[in-house]
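Below, each structure is written out as structure tokens.
Both complexes shown next keep subunit A, but they swap its partner, so subunit B is in the first and subunit C is in the second.
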Partner chain A sequence: MSLSDKLLNIQEKYIYIVLAVLLIFPLLKPLGLPITIEDITYTYYEGIEALPSDTLILAPHDASTGTEMEIGLSSHIVIKHLFRKGFDIVFCTICASGPPIFFETLKAEGLYEQFMDDYGTKYVYLDFIAGEEAGAASIAASIRVATGGKDYFGNDLDSLPLMQGVDSGGDFDVVVATDEHSLLSVMWMNQVAIPYDIPIYCNPLAAVGSTFWPYIDAGQMTAMLIGAKGAAGYEILMNDPGPAAANMDAQTFVHVYLLILVLGANVLLGIKKYGGVE
Partner chain B sequence: MSVTLKKHVPIGIMLILTIVLMVEYFFVVPDSYIVVTNEAKSFTVVIAAFAMALGAFNILQMHGKKVVEKKSGWKYSAWIITVMVIFIVVGLVGGSKSYWFVWLWECLLRQPDATSYSLIGFVAIYSIYMAFRIDSREILYFTCIWVISFAANAPIGPLVFPWLPGVQGWLKMVPNSAATRGFYIATALSAIVIGIRTLIGRTRAGME
Partner chain C sequence: MANTLSVEIGIWISAFMILCIYSWLYKYNKFFKFAESTMIGSAAGYLFIMGYNNIVNTSVRAIQIGKYWHILPILLGVSLFMRYVKNYEWIQRYGTAYLIAGTTAIFIRATIVTQVTQQIAATINYVSMATPMDILNSIIYLVFIVAVSGYFLFSERYSTKIPYYNVINKVGRYGFLTALGYYLGITVMTRIAFVSDRLRYLLFTWLKLSPF
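Showing the complex of A and B:
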């Protein structure tokens, strides 16, 4: 077998070993490579920044354990931003793994005490609503009917000051779907943002971000943070570089590695085919 | 069970609910009508909650049979049932906010799930390396677009090649949006056709 054949049919374990090194090395010793911020990340940040502090936000936090490693980065920084701006926020989820991840997010960002101190006046957590899109439709129609009139802690919604006069999707000013489950944010767009004509901000996985562009183009979705890169840009805009920005060195290394692999393999194929080299 | 109970009653319920909910979505209706539709939507949430219990029962039935008959991979089925029973018992006894339930969730579900999802990245990279071998015109186009998008997505990409975001932006907003819209419209039309066929009793896929 010629050298080019060996390289073209390299065993996957060698690809994985190099990949692991390229991932681990920059995490242990960050290089601080420059990061570019996408225009859509600016749109997201500036949109949230421009909202007045008395804005009432519906924030579905549909967290999933599988995708948390990627989109969790953007949901963390966005929730931090929402708390920093002092908005009134009603959190909820249509994802079964949502509640525990939501409270862990608050604890990880040091926001849990603030959340509990201002609970009922500035923040409310509605708990998990089953049925995915039907659940979102149910919340959009009537929060009290969808939840049985109780929040996550078993409080009567009517006893919470923030919930006075708030019952349907139309009572909110903005939807910020700090989503870790990508397609669920489309359900919030379908059931809340479009019928009640309110802006919606979403955080899709990088792998499905491309499928959200038609919504942005049509104005149905206001802005989105795409994957870890979007989160890293957002951290930089907030002057609060964190785990997403720290991961960007590894992401750069892996992107370059894969480009070299694919382009290198095709160059070898081309040489083999047209150069007559064995 | 008679045909009426098995076929006509479910179709009748679906037909009525579909019309009621569609009227509310597309037209301005009085508040009394909205009260009815809200109740219908809350039924969906309740039914979805019941569906979870049904799912648990199905797992028990399917994997239980496998364990009893000692079919291939029965040990994995036994493990699924064991974990499910532990989760249900701990959840019912201590509640979903209890220390032990959260511990189980963290150790048995969350970390393995995150790990298996992360491993996809490794497999994807090897698959891309093997798949993007240009041996036809179609793969050539596909690889060129992939290289541009991938390089633009690399955090350092646009700094090295400042023209990349412009090209990537055009790819995203024009061909990508056009193709995705086509896909969405086709999917929506298909859903409408399946819905109509189900409502008139020509398709029973969703009811079996």
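Showing the complex of A and C:
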């Protein structure tokens, strides 16, 4: 067996071992490689930063266990920013796994006490609304009908000061949506942002960020944080480098490794095909 | 490096499950199967409870305060299960029909505006002649929009009637393969973020290591 054959038939487990080393090393010894902040991340940050403190935000937190590892990076830093700015926020979700992850996020960022102290006056959590796009449409039409008039804790919505005069999508100033996969933010855009002509900021997975560009270009979506890279840039802009920024060294190492694997495999295949190597 | 292991049982269970799942990289084994089944079982149980709570919150409570028409969605939901009852399986058609009709109505109302009219308008507005680079971008943009649309819209049957169909076809293929390449590339970032997050959990939350 020639060298090129040996390399092309290398066992997967060795590729994974090298991958694990390249991931673990920068986590244990961060190198602090420079992080380029994308224009769209600036747009997101500056858009939120420019909002007045009395802005009423609808914040669907559609997180799931399957994607929280990446989405969590952006949702944590964005929620921190929203709390820091002192906005009035109505949280909700059309994703069944949303509620426990939402409260874990608050606890992880040390915001749970603030949330509970100001509950009803600055923050409300509406609970999980079933039906995905139908759920988003029902919230846009009437929050009280969609939720049965109760919040996550069983409080009557009419008894909460923040909910006075707030019932439909048009009562909000901005939508800030965290998205477990590609479609949920689009559903909020379809059902709330576009019909009521209000800005929407989204945090998609990097894997689906590319599918959101047409909405950004069309002005249907205001801005987005694309996956771990967007979150890392946001942490830098917030002067609060955290897990997303720490993750970027590992990302760089692994991307270079994968590039070498792809190029190497193609070169070896080329040599095998055209170089006459048997 | 501080190195006191976590003493929380929840973190140990979580770490054990993560290692079970990643053991699949070596080979399919009983530990992976155990973690996989546990995940599916707990997710199904959780979704059942969330669905039940949702029905109680939106319909049962309403019925309790006299809004008896809220029985209708419950009946439509129950009708879906009638497919398992011999001789009465036709009843499930009502639930299915309502589900499809309602969802279609909600989707179409929004989709025509957001995915069709506004996207077409944005495509036209995107064309700019302000700078030489804008002109180049606009040309590339328009060429690929026409070519990719042409590739999907025109079937082989009519291709002979369209001038330069083969060229359009090939340019269209290169266009969407480039887009798919970008899509695949950025997918790597998501997958690596997943692994990196779990490794951080194992290293820093479970093993309590700290960066040096």
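Heads up, the rule we're going with is that the second predicted complex is superposed on the first by the 270 of 278 C-alpha atoms of A that agree within 3 Å, B and C clash if a C-alpha of one lies under 4 Å from a C-alpha of the other, contacts with A are read in each partner's own complex, and residues count from 1 in each chain.
Please note the rule applied: a contact is a pair of C-beta atoms (placed from the backbone, for glycine too) under 8 Å apart; a residue touches a chain by one contact, two chains touch by 3 or more.
Since we're looking at a predicted model, the values are computed, not measured.
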item: First (subunit B), second (subunit C), both or neither touched by A:A141; value: first
item: Contacts of A:L205 with subunit B and subunit C, given as first, second, both or neither; value: second
item: Partner chain in contact with A:L31 - subunit B first, subunit C second, else both or neither; value: neither
item: First (subunit B), second (subunit C), both or neither touched by A:L3; value: neither
item: Which of subunit B and subunit C A:W213 touches, first, second, both or neither; value: first
item: Touched partner set for A:M69, first subunit B, second subunit C, both or neither; value: both
item: Touched partner set for A:L263, first subunit B, second subunit C, both or neither; value: first
item: First, second, both or neither for A:M116, with subunit B first and subunit C second; value: neither
item: Contacts of A:A232 with subunit B and subunit C, given as first, second, both or neither; value: first
item: Doubly contacted subunit A residues - partners subunit C and subunit B; value: 12, 16, 65, 67, 69, 96-97, 129-130, 134, 137, 146, 195, 206, 210-211, 214, 217, 229, 251, 254-255, 258
item: Complex interface listing, subunit A residues touching subunit C; value: 12-13, 16, 20, 23-24, 27-30, 65, 67, 69-70, 72-73, 96-97, 127-130, 133-134, 137, 146-150, 186, 189-191, 194-195, 205-207, 209-211, 214-215, 217-220, 226-229, 243, 246-247, 250-251, 254-255, 258
item: Of subunit C, residues touching subunit A in the complex; value: 25-26, 43, 46-47, 50-51, 53-54, 57-59, 61-62, 102-103, 106-107, 110-111, 113-114, 118-119, 121-122, 126, 179, 182-183, 186-200, 203, 209, 211-212
item: Subunit A residues within the subunit B interface of the complex; value: 8, 12, 15-16, 19, 33-36, 38-39, 65-69, 96-97, 99-100, 129-132, 134-135, 137-138, 141-142, 145-146, 195, 206, 210-211, 213-214, 217, 229, 232, 248, 251-252, 254-256, 258-259, 261-263, 265-266, 269-270
item: Subunit A-touching residues of subunit B, taken from the complex the two chains share; value: 25, 34, 37-39, 41-42, 44-45, 47-49, 51-52, 96, 102, 105-106, 109-110, 113-114, 116-118, 122, 125-126, 128-129, 132-135, 143, 146-147, 150-151, 153-159, 165, 169, 172-173, 176-177, 180-181, 184
